[in-house]
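In what follows, structures are represented as structure tokens.
Below are two complexes that have subunit A in common, paired first with subunit B and then with subunit C.
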Partner chain A sequence: MIEKIISELQRVIDKERVLWRKTDMMTYAYDASFATQLEPKEPEAVVIPLSTDEVQACVQLANKYQVPLYPRGAATGQTGGAVPIKGGIVLDMSKMDRIIEVDDENFQVIVEPGIIQANLNAALKKYGLFFPPDPGSSKMCTVGGMISNNSSGLRAVKYGVTRQYVLGLEIVLPTGEVIVTGGEKSRALKSVSGYDLAHLMIGSEGTLGIVTRIRLKLLPLPPARGIVLCSFPKIEQAIEGVRAVYHSGIIPSAIEIMDIYATRAANKMRPDLNLPETEALLLFEVDGNKDIVALQVKTISEALKSHTDYVKFSDDPEQCENLWQSRKIVGAAVGNLKPGGIRVYGGEDICVPFSRLPEAIRRIHEITNSYNIVCGIYGHVGDGNLHTAPIIDINNQQEVEKAKQMIEEIHHLAIELGGTTTAEHGVGIVRAPYMEIEHGQALDVMRRLKKTLDPNNILNPGKMALPT
Partner chain B sequence: MKPLTPEQSMYTCVRCGACRDACPTLDITGREADGPRGRVLMARSLLEDRIPVNAEIEEQMSRCLLCSACVDACPVNVQVPEIVMLAKEKIAEHKKSPFLVRTLKRFFFNHLLPHPRRLQFLGHLLWLYQQSGLRWLVHKLGILKLFPDSAQQMEAVLPDLLPPSERKPLPSFTPGCSEQNKRAGKVALFRGCIMDVMFRETNRHSIELLARSGFDVVVPDDQVCCGALMYHNGQKDTTLELAKKNIEVFEKLDVDYIISNAGGCGAMLKEYEELFRHEPEWLERARAFCHKIRDISEVIVEQGTLPKAVGNGETVTYQPSCHLQYVMQVKRAPEQLLSRVANLHYRPLPESNLCCGSAGIYNLLQPKMAGDILHKKMGYVKETSAHVIITANPGCLLQMKAGVHSEGLQNSVKVVHIVDLLAESVERAEKQASTG
Partner chain C sequence: MIEKIISELQRVIDKERVLWRKTDMMTYAYDASFATQLEPKEPEAVVIPLSTDEVQACVQLANKYQVPLYPRGAATGQTGGAVPIKGGIVLDMSKMDRIIEVDDENFQVIVEPGIIQANLNAALKKYGLFFPPDPGSSKMCTVGGMISNNSSGLRAVKYGVTRQYVLGLEIVLPTGEVIVTGGEKSRALKSVSGYDLAHLMIGSEGTLGIVTRIRLKLLPLPPARGIVLCSFPKIEQAIEGVRAVYHSGIIPSAIEIMDIYATRAANKMRPDLNLPETEALLLFEVDGNKDIVALQVKTISEALKSHTDYVKFSDDPEQCENLWQSRKIVGAAVGNLKPGGIRVYGGEDICVPFSRLPEAIRRIHEITNSYNIVCGIYGHVGDGNLHTAPIIDINNQQEVEKAKQMIEEIHHLAIELGGTTTAEHGVGIVRAPYMEIEHGQALDVMRRLKKTLDPNNILNPGKMALPT
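Take a look at the complex of A and B:
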């Protein structure tokens, strides 16, 4: 059957963009997740569309032959969210990457979903504008993927998440119709007309529609940034420090934490950083015009004085870059914590209530120690979002099994503390087992919505604990 | 030396995708298999015998430019080109090339490139071809049409060789000019093999430029080819022989630096330490050699003083060599030097981080992909409205010339090695000073 579909696809789409050979299928069987490193899932065909019409043609064919269709961006995901777990066709959206229009008069931009976040912001720079959500993967992730996962990142504490910037979407529905949310011709910056279908699509991980155009709200690009770096002997003191900064009346653009292992890893990779290896290292970033930045940096340093004796700060761009380095490199540096090990993604983006952060970090350390697995913790402490980074030898079966159990304990801990198993990276296949516990009856509504919009269960089936 | 071997680094890839936007072939097709992450997975599957050696995997591996942009972008330093090379070696073990190809390769890699005199002789022949009317005849009879488009284009853009009478050996010692500049040190020029036959003028300009920037310059006559082309074609034994010879030749000289003016050669020379990873008796000597390797632009910016230089009022743009920017890690020096030339308008080339498609002889082996990459690159060149494209490697120079040719820009755009532009600008400044 797949041969028939491939030949039909080749009739409507350039042959070079309809893939079916063995090596091509292998390379579409994974994302960055631990799960798909262990068990890759190959599609039967891949299409690289260049237009909404081509996407629509694929959806129509998928319905005609009842085969699954998996929209995918750059496959930088960490939960297997865009991986073809039931065979079928992968729709690689990364070549639909044009900026259609920068409407700087109205502070908005219209783009195709394949555009990379950092490339979009590089293009917006000359207009003095930016699209604020900035995941750690901003240099490789697509804006379409960010919408699928409602991504955020380091600056969510001040600027919020992707959802807050989406004004409208063009979507190919699972049944093949093309709709535009937020008003067919609208350039309005807000609207309450009708059901908010865009927000239903955002975070739906490609299960309810395929995004082909995006209208985004933009903000003025802050001209200056400042950094405060400080360290605390105890995690509890660090959290008190964050509280003190909030009470000083400042909303930093980022508040990041690194635990002792993460700090040690950064020092190992860049000894010149010479970071104090205490229980917690905090980095505050502020932005705005130059005077406001200088004032904020000073106020934060003052607010932290009684909580720590180690504070470094700067509003000089070069020095800021240097101070920010410790946070920038930590994701890669943690891999050095164990020779021969690699960092795997699991339990890596839990979020707990701000008040339970110290307990969360202490208990994660207890869990990882009990499994004897090296694990650094860092993350967006300002909103309680932690990245745990286990380092294991992926070729050692015993260690892989231990890591899986450990990750499960971390997920359960997040729920026990009144948090969530995922605050950034999505559900995919990895967090699907927790959907019922996290959402209760609401999961049933999600399943009904899926059935209504996708009666043949064509789009990204088998994800998010939706019907299979 | 790199902290991990290619085999080790193959297992550290977490498939995060950081390499994706840096890859020129993925940029063209969008196929995951044309990106570094896909290539590492395919190579690994082949090396672990999970997929067989066949024409499909051979084709996939040969589509990599080996430009190293992905290594530069990778947070954990996965050595993608070397992993691809391991896969290619395995493919080569299983597949014997036809007799003619093997003989030609053996002649080219073992009996021609390592021998400077034979190369010079080939240069004489080439000069004869260009000057005797034979070229005219070949064009007239349409013989070139029997060759692929890419070969025809390369023939069209080959530089005019100097006559044998003017291709005398480079001076073995040139003192640094001390009138305007303080003495910056003593350096040895690595002249390259093809570089020295085809771009003799650039080598001569390199000596002048270094001397005028304050360096004493020596050029040892017994140096040999760096071995890059052999190494990338799986001829490791020949490469090791050449490396040993070069180490011996240059360690006899009491110089501060060994200077390369071709990104490809410089990168290979810097790899010597890696070559001798398992030969302790050579490792230390290779390491000392590698520590002295510098690109010409880098050493002038860091240690020398570029004398006054004046341009011709032209608009220039710069296409970096991948080996220069990603392997030698020389990223800013060429542009810094250009910014010091008065009466020259420099416009950065968009997407200059991406390879031009030359990549050794990739443009001849993969003409379709190389052509697509070049076409896109020329679009960016047009955006800059530059009259001159500056490069820092002979392969890139010929490729960009081919681009100018195929886009019909011969009358409006020149392609120049950075050394030639700088040397001419310094000379112009001197002339202006003396006349005026």
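Take a look at the complex of A and C:
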């Protein structure tokens, strides 16, 4: 049957944008998740649409033939969210990547979903504006993908998550209709007219609709930044340090933590950083007006001085970049913790209540030690969001099995501590087993909504513990 | 039949909390809207629940007898959102007003929906925390009502809207099930696990569920504030002044505008304010650390100096309060613009694109002049959100009819300028006629969602242009 569908697709979409060869299919079989690296799942066809009409045509065909449709951005996801686990068609949105209009006068921009976060911000720079949510993958990930996962990243502590910047979406529904949320012709910065359907779509991981156009709120680009780096013998002291900064009246743009293993990894990659290898390293970033940044850096340093005697700070752009290096390289550096090992993504995105961060970090260490797997931990401490990075030999089947079990323990730990298995990367297939535990009866409501909007279960089926 | 329902209600709820006498019903027949002041609609019974179980029992009974159920907070709304336009039962949530737990260690609080915004913030003060969204009615409105309308107010320009602070909700669904959004046992500050159902509920005006418990994110209370008051001969200059402040690297906590009539009204009430009666008065508020506030106030004043020569500023608490007076009294002061007149709420909440604010204000003046009705205009200029305050003699039937037509013109103007009829007060019955124009096909999706969650159309029927 797939041949018939492909030939119908080729009638509405240029042939070179309808793929079906085995070699092409292989590249669409995985994302950055450990799970799909171990078990890739190929689609039967891939379509690369260039317009809303083409997306709509694909959705209509998928409904006609009852074949699954998997929307995909840059596949930087870590949960299998964009992987075609039931075969069918992948809709590769990466070529719908235009900036339709920079409406700088109204602090907004209209884009297509395939645009990469960093490219968008590069284009906005000359207007003195920016789109704040800043995931670690900002140089690769698409804005459409960020909306599907409600991504956040380093600067959520001050600027919040993707959700806060979405003023309107054009969406192709699973049944083929096209709607616009937030007012069909609106350029308003605020509205409470009707249910804000964008907020149901955001974070729904492509299961309720395909975003084809996005209206984003922008903020004035802060002209300056400052960094404070500090080190604490005990994790508990670091947490108290964060509280002290908050109560000094400053909300930093980022507050990052690195555990002793993450710090060690950074030192290994860049010995010149010469970071103290204590239980916790903290990095504060502030931004804004130049004079105010200088004052913030000074105030934060003073607030920290009763909690640690290791504080470095700067508001000079070059020195800031140096201080920030440890955080910038940590994602790559952790791989060095085990010669020949690679970092796998799993249990990498838990969130715990702020007060339980010390307990969470200590217990993750206990778990990883019990499996004899080396892990670095870093993350967005202001949100309670920890990135655990296990380094394993992926060719050692025994170690792979151990890592899988260990990841499960880390997920359960997050829930036990009053947290969640995922703060920013999403559910996909990797966190689906925890949906019932996290949400109880609310999961039934999610399933009812899915069934209402996607009666044929066409869009991204098999994800998020929704009906299959 | 209502007698039968009342007697059943009295079986599960204390008799003194089940009301049905005519005099009681009259007080539940209106809110602050012009529409329901003109045409109040009485319920047949009122229940004042004290627990989730009692709310659930009411919902079950309403389904059993197919009788409408109208949840109500403090009825400070201006759209008829809480008014029982089809009779039935009002659920008065104002006595479910407890603070269940201040979890200050985790920057959150668990409350019941009936708590008043100002009471919540008063209780949070000793923890050095606050719940930022700050509607004009903060001393009267309930947090549950704020969630139903996704309220915002003065400080949205920096702190955003109610939506951003909702971590989780306990909700009694229209079919009687109780769910918890955002993780049943979670105290995490961030989560992307599953559809975030809270965000479908927020702003749904009590049509999709009854909120019975709320988990809110809190921020550290800023220790200081500063105010800059400035005046501009032309509205266009005021708008350029706001841009200049943004590009100085500062996001004020409030940016308020007052037109010449609003300014005149403030002077009438408080001649000592002695405000210059120009086309636009702006008030900037900044907050944060004391030293940083001083610097912000200075920076803003300097940024404004090339746009106007009338700038007053302070970071002294007492002087700040004086400068802020004009904005504080304006809502009451506008009534003085016409002897014997009262302010009516209608067309009072439009939002236009930032760049079209001067045009919007001028055209509202043209409209109100053409009807010979005096209006003051003030609002949250950073969001493009204008509060138009018509002052009329409500006993003059001709003037009432003129005001109705004028309000309709103002709503249409907002849409024509690329804005919305409502930025923060909601749809209710007052903006229902504009839902189709604003949302097109998306309104059908809203209706499908309503039908899915509320198949018997029990909850707040007849509102938001949903099925009746």
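One rule holds in what follows: the second predicted complex is superposed on the first by the 468 of 468 C-alpha atoms of A that agree within 3 Å, B and C clash if a C-alpha of one lies under 4 Å from a C-alpha of the other, contacts with A are read in each partner's own complex, and residues count from 1 in each chain.
Assume a contact is a pair of C-beta atoms (placed from the backbone, for glycine too) under 8 Å apart; a residue touches a chain by one contact, two chains touch by 3 or more.
Given the structure is predicted, the values throughout are model-derived calculations rather than measurements.
Undergrad: Quick one: is A:353 in contact with subunit B, with subunit C, with both, or with neither? Answer first, second, both or neither.
TA: second
Undergrad: Classify the contacts of A:123 with the two partner chains as first (subunit B alone), second (subunit C alone), both, or neither.
TA: Neither subunit B nor subunit C is touched by A:123.
Undergrad: Quick one: classify A:197 as touching subunit B (first), subunit C (second), both or neither.
TA: Only subunit C is touched by A:197; subunit B is not.
Undergrad: State whether A:99 touches subunit B only (first), subunit C only (second), both chains, or neither.
TA: Neither: A:99 stays clear of subunit B and subunit C.
Undergrad: Scan A:343 for contacts with subunit B and subunit C and give back first, second, both or neither.
TA: first
Undergrad: Which partner chains sit in contact with A:163 here, subunit B, subunit C, both or neither? Use first/second/both/neither.
TA: second
Undergrad: Which partner does A:141 reach: the first (subunit B), the second (subunit C), both, or neither?
TA: It touches subunit B, and subunit C stays clear.
Undergrad: I want to verify the contact counts: of subunit B and subunit C, which reaches more residues of subunit A?
TA: Larger number of subunit A residues touched: C.
Undergrad: List the residues of subunit A that touch subunit B in one complex and subunit C in the other.
TA: On subunit A, no residue contacts both subunit B in one structure and subunit C in the other.
Undergrad: For subunit B, which residues are in contact with subunit A within the complex?
TA: Per the stated touch rule, the residues are 8, 11-12, 14-21, 29-33, 35, 37-38, 41-42, 45, 51, 56-57, 60, 73, 75-76.
Undergrad: Spell out the part of subunit A that touches subunit B in their complex, as residue ranges.
TA: 16-17, 19, 21-24, 26-28, 30-32, 37, 46, 48, 74-76, 92, 94-95, 116, 118-119, 137, 139-141, 329, 331-332, 335, 340, 342-345, 394-395
Undergrad: Taking the touch rule as given, give the residues of subunit C at its contact with subunit A in the complex, in rising order.
TA: Listed in rising order, the residues of subunit C that touch subunit A are 103, 105-107, 128, 149-150, 152, 156, 160-161, 163-164, 173, 177-181, 183-197, 199-200, 202-204, 208, 219-220, 222-224, 246-251, 288-292, 295-296, 299, 351-355, 383-385, 415, 418-427, 431, 434-435, 438-446, 448-449, 452-453, 464-465.
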